[in-house]
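Encoded as structure tokens, the structure appears first; notes follow it.
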Amino acid sequence: MIFNFASDNAVGASALVMAALAEANAGPALAYGQDPWTARVEAAMSELFEREVAVALLATGTAANALALACITQPWGAVLTHEESHIADDECGAPEFFTNGAKLVGLAGVGSKLTPEVVTAQLARMPHGAVKQVQPQCLSITQATESGLVYRPAEIAALAAAIRPRGLALHMDGARFANAVVALGCSPADITWKAGVDVLSFGATKNGAWAAEAVVFFDPAKAEQMPWRRKRSGHTVSKGRFVAAQFEALLRNGHWLDLARQANRLAARLAGGLGAISGIRLGWACEANAVFGIMPQAMAASLRADGALFYDWSARSLPAGEALRPGEGIYRFVCSHATTEQEVDGLLAAARNLAVAG
Amino acid sequence: MIFNFASDNAVGASALVMAALAEANAGPALAYGQDPWTARVEAAMSELFEREVAVALLATGTAANALALACITQPWGAVLTHEESHIADDECGAPEFFTNGAKLVGLAGVGSKLTPEVVTAQLARMPHGAVKQVQPQCLSITQATESGLVYRPAEIAALAAAIRPRGLALHMDGARFANAVVALGCSPADITWKAGVDVLSFGATKNGAWAAEAVVFFDPAKAEQMPWRRKRSGHTVSKGRFVAAQFEALLRNGHWLDLARQANRLAARLAGGLGAISGIRLGWACEANAVFGIMPQAMAASLRADGALFYDWSARSLPAGEALRPGEGIYRFVCSHATTEQEVDGLLAAARNLAVAG
Amino acid sequence: MIFNFASDNAVGASALVMAALAEANAGPALAYGQDPWTARVEAAMSELFEREVAVALLATGTAANALALACITQPWGAVLTHEESHIADDECGAPEFFTNGAKLVGLAGVGSKLTPEVVTAQLARMPHGAVKQVQPQCLSITQATESGLVYRPAEIAALAAAIRPRGLALHMDGARFANAVVALGCSPADITWKAGVDVLSFGATKNGAWAAEAVVFFDPAKAEQMPWRRKRSGHTVSKGRFVAAQFEALLRNGHWLDLARQANRLAARLAGGLGAISGIRLGWACEANAVFGIMPQAMAASLRADGALFYDWSARSLPAGEALRPGEGIYRFVCSHATTEQEVDGLLAAARNLAVAG
Amino acid sequence: MIFNFASDNAVGASALVMAALAEANAGPALAYGQDPWTARVEAAMSELFEREVAVALLATGTAANALALACITQPWGAVLTHEESHIADDECGAPEFFTNGAKLVGLAGVGSKLTPEVVTAQLARMPHGAVKQVQPQCLSITQATESGLVYRPAEIAALAAAIRPRGLALHMDGARFANAVVALGCSPADITWKAGVDVLSFGATKNGAWAAEAVVFFDPAKAEQMPWRRKRSGHTVSKGRFVAAQFEALLRNGHWLDLARQANRLAARLAGGLGAISGIRLGWACEANAVFGIMPQAMAASLRADGALFYDWSARSLPAGEALRPGEGIYRFVCSHATTEQEVDGLLAAARNLAVAG
């Protein structure tokens, strides 16, 4: 049996998303986003975020992040970000490509989270107006983070306050935005523009869509360049209703939150179970839909032999005082909307067996 | 009633493509193209083209063209192309973006087709090794062309022969490749590598898919850079099976050719009908799935008032001796796999009524 | 004996420029343009142009053009220019590199000059706001042109009026600005900002400097990005006084105009002489410091055998009705500040001998 | 009185360089590097480095570094470098611009030097062929370093050995190459290709030229792209003899080494003097022409009030165990070919007075 905790992009679309696609398939519609689905999603986003927003629909999260950054960062600008963020480590230089060569400055922080202190210290090293250096123009944070933690509204507001004197824009990589909203029990507005976020990469692919992402500008004026940047990067999907219909299905009646709730719930179940097994401890608290288990490498190998799929992870941003001991590894287990209790319990049973035997 | 001849990207996916997507939705799969659907499509492509090819699956045609060009053109290179080709006129500079600033050199030609003579003359103006000028490195042709014509195998081979002494690569924009294959009654190999094509943008979106395109390298060594170029441009779809499943459905049992045959057949019907109406003549022969009608602007306006959707077109590459007369316009009518005889006949009836009344 | 009419960049610096460099060599100075020479040149430029300008000093003309264009054209923008302009044909894609992929749109025109009609017609083909196309953002003209002609103030003003409704910026490539000012007998302001020019590439290298060019922004606000663009393209000369000292010497007491006057005077002498020789006629009127002679290719070959250096030229923008006859070529002869009457008369004597013998 | 230790680019050219320029000024020469001066310098470089090399002459050091890196690093490549190297910190993103978006990965190391250990550890974090990450393709080191230290031949060879299995190219930023050669008493070949360096930025501007830099490729095949990259970045100086004549003067009879020897000798004198003053200690050993003094900030302020010019520096790469104490700063004093004993002794006297008074 396979227990697939590799990633939340390892599963297909939710049944409601598939149904919406089938429905959207009938009849003709104008191409390149001039269709009614797209118009409805744009309106729904403004309602969701409780203010007028500008929205660009896209098919990949890397495109969403890179286009968002390109709209707010000049080629001689710098993007401050966590040293292990997705934009820094997992997008093969997409931000550099789309910004025409801006620099990503990686900062340290526990659990892939940044603090005002580290941001302020970095800004002090990059004086305003110095021509020999790139100029900091954007701070990018991930919500939920690559370590499965969430930023509280006050934490985001504190970061926004730290960059405001220098005029940086605040970007949020929300590849797992739904998981964060559910975890915090807040409104989408609370952790975005109300806390100082300027631009959001709003991910749906990892939350029940096939391929649907949005860049949301809370100041529509900042979106002015987006149509051309999207087109010339090949990201204007011709049959635009295809992306829009996915989003529409997700936003209808809170379907997107239901899916995220399911993922988070099962991650909590997995975290609780794993944390109670002798020889296993968690790298960070489980706040969203990912669990990071520290365990003997031999145990991880046995779990994989038992059919479990999960990735090795980096220990670089473990809390102070926490570290891998000889022979240990840290592993990421991600739950999705399609994860089942059987899978979680199956993995836990396998782990318990190994712990007893070990 | 609406008669939609706006574009072949104005309709959804074919029923078989939708069914394949629904089927592909079950269960987990590795992301980023490591799934079995992608592997099967890659194998199917090699079979289809009768040789080992390297394939990159993508979601948009602009991405396919721009990535293909970037793999064969350096930043100081030039791409020779028709002055009204899609890459020159309709992609908002995507080739320039992806190649990091190469130059597109637009050449004239009837029916958006290039000839060896015009290519050879341009090459003579760009001496090999001249440092002050960009260096010609690629010739890009469109099959079927933006004017609805097709290149015969011998025509392609003659273009390939014209560029061979200077070492240019030959790219084919096959956004409507299926329509050309059907029109010519040849094999895909006949009008690609057997005629000298190095890289093909193989379009499926306009031929029954939601969002599915492929770059096909007939020399797999030329594809070496593609994984990184695709990733850093945000075009590596995470749930890769989604694109692959569409292609798989299309390639199975010649479904892609059936869809194109339907589109071509209805275009021929439309062309025959329009050409026989007094006051209307065709700009170019109808060889694939698009019809270009020259008619009084007033008639076009009335057709639109009657519910017909179609675009104004450019008269720039009309045959020698043909030209718009005062008050005339040229208009493009595109048939797709979903176009019906009723739509064609409805449009023709409306046009005939206007001709009689006019 | 060598008669060198190859180019005005084939000679060294004027004696006064060399003396200024020697004088500037003494003692230390802050680097990167923080030196007093640079400050004095900036002030002198504002005086010369009769308004406050922003100035960026550079070492090459290609850098001046490309940086100027990059400051006023976005990556998805287009620069309208003559199809044979230096930026289009002789800079190996530098504008595309510095603008991160903008498109140069080449327009036809006699004598490398553009007219409001051709510009207006092109703008009509590029509708405002169309996302599928690059957006026209700049018109670039050359003064004096690549064919040795000059734009009158009213001609420039008419071009400025043609682009104003669409908001394009007007750039002037003034690699031979001095020759134009002398030819027109006007003030530098008359043919720049007073006629609607926004940004000028002000060349000195071809007019008696070693390596000195300036970008002059008549609206200093448009120069905001320049310090970073210049630095990151490696064009901020560390010993900045070196460039500034050359300009200072040239601007002092009208030395730059004296040098240009000498070049123009000898070009006029050469044009008068060549035009009177049987078998030779001029391609365009000689208005600045270049002469374009149409003559039998055999005569050109003999002149070269006699020691004359000059380049083959393009006949593409000859006046309507003028064309090369079989066996003829068109050749460019450029006079510089260092050209002597002996050289001119020597060339003329050689040509006359050949004409008599021919 | 002014004691100028701000930088070695704060002074003009050596008398012999000025004389060479004056001599080179006579008569015409072909432009764009087709002149005999350039040819002679290219030959002299091959002799100097004891093997056939390809050379590109340039006017700025930033251009030399960025062009060198662009020739050996693809857009999806990474350049490993010290976290405080000039290319990482002082060129406003020029490497990113010229490489079209490659990533600079900053590594830690004492005295701005890298070790095989830190390089090897970083390579382990960037697995070969991983598509989601940029690929390490170049290691760039500075000789002499930004902290005034020099790499021994064996140290360079060890770095070359560390990167060889992964196929990275080794670039040396030799803005102060002359100072390193003199310091080590070795041949230029010993610390370049014989130790594994592939490409050298050979600086002359800081060593007695006005504006003269060279990129030296020890494998001429690696230089193939350089002519186009140089031209399209605006770095092909039209009056090429101007740069070449400077280099020719420097290379003749070891003039370049004499100038560097003078700079190094005075730096040693300054280092010896400063290190003996109470309250002052050196950050790193003085191995080339820069001295880094740690002293009370109040003392530095007083020195500046006394007319001394020098820059604040970063303490980030101080040796383990060394750190700034409260109230202290670290300051850089650079000696050039034009620095005099009087200046050094004047500064030392001023510092001694302050130390006694303090």
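Letters A, B, C and D mark the chains in the order given here, with residues in each chain numbered from 1 onward.
Everything below uses one rule, namely that a contact is a pair of C-beta atoms (placed from the backbone, for glycine too) under 8 Å apart; a residue touches a chain by one contact, two chains touch by 3 or more.
Only a predicted model underlies this, so the values are computations on that prediction, with no experimental measurement involved.
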Give me the chains shared as neighbours by subunit B and subunit C. A, D
By CA centroid distance, what chain is farthest from subunit B? D
Go ahead and note the Å separation of the Cα centroids belonging to subunit A and subunit C. 52
Taking each chain's centre as the mean of its CA atoms, how far is subunit C from subunit D in angstrom? 35
At which residue positions does subunit B touch at least two other chains? 75-76, 91-93, 96-97, 100-101, 131-132, 134, 228, 231-232, 236
State the interface residues of subunit D toward subunit C in the complex, per the touch definition above. 2, 4, 6-7, 9-13, 18, 21-22, 24-31, 58-64, 66-67, 91-94, 96-98, 205-206, 210-211, 228, 231-239, 241-242, 309, 338
Given the complex with subunit B, which residues does subunit C contribute to the contact? 75-76, 89-93, 96-97, 99-104, 131-134
Subunit B residues touching subunit D - in the complex, by the definition given at the top: 32, 74-76, 100-101, 131-132, 134-135, 225, 227-229, 231-232, 236
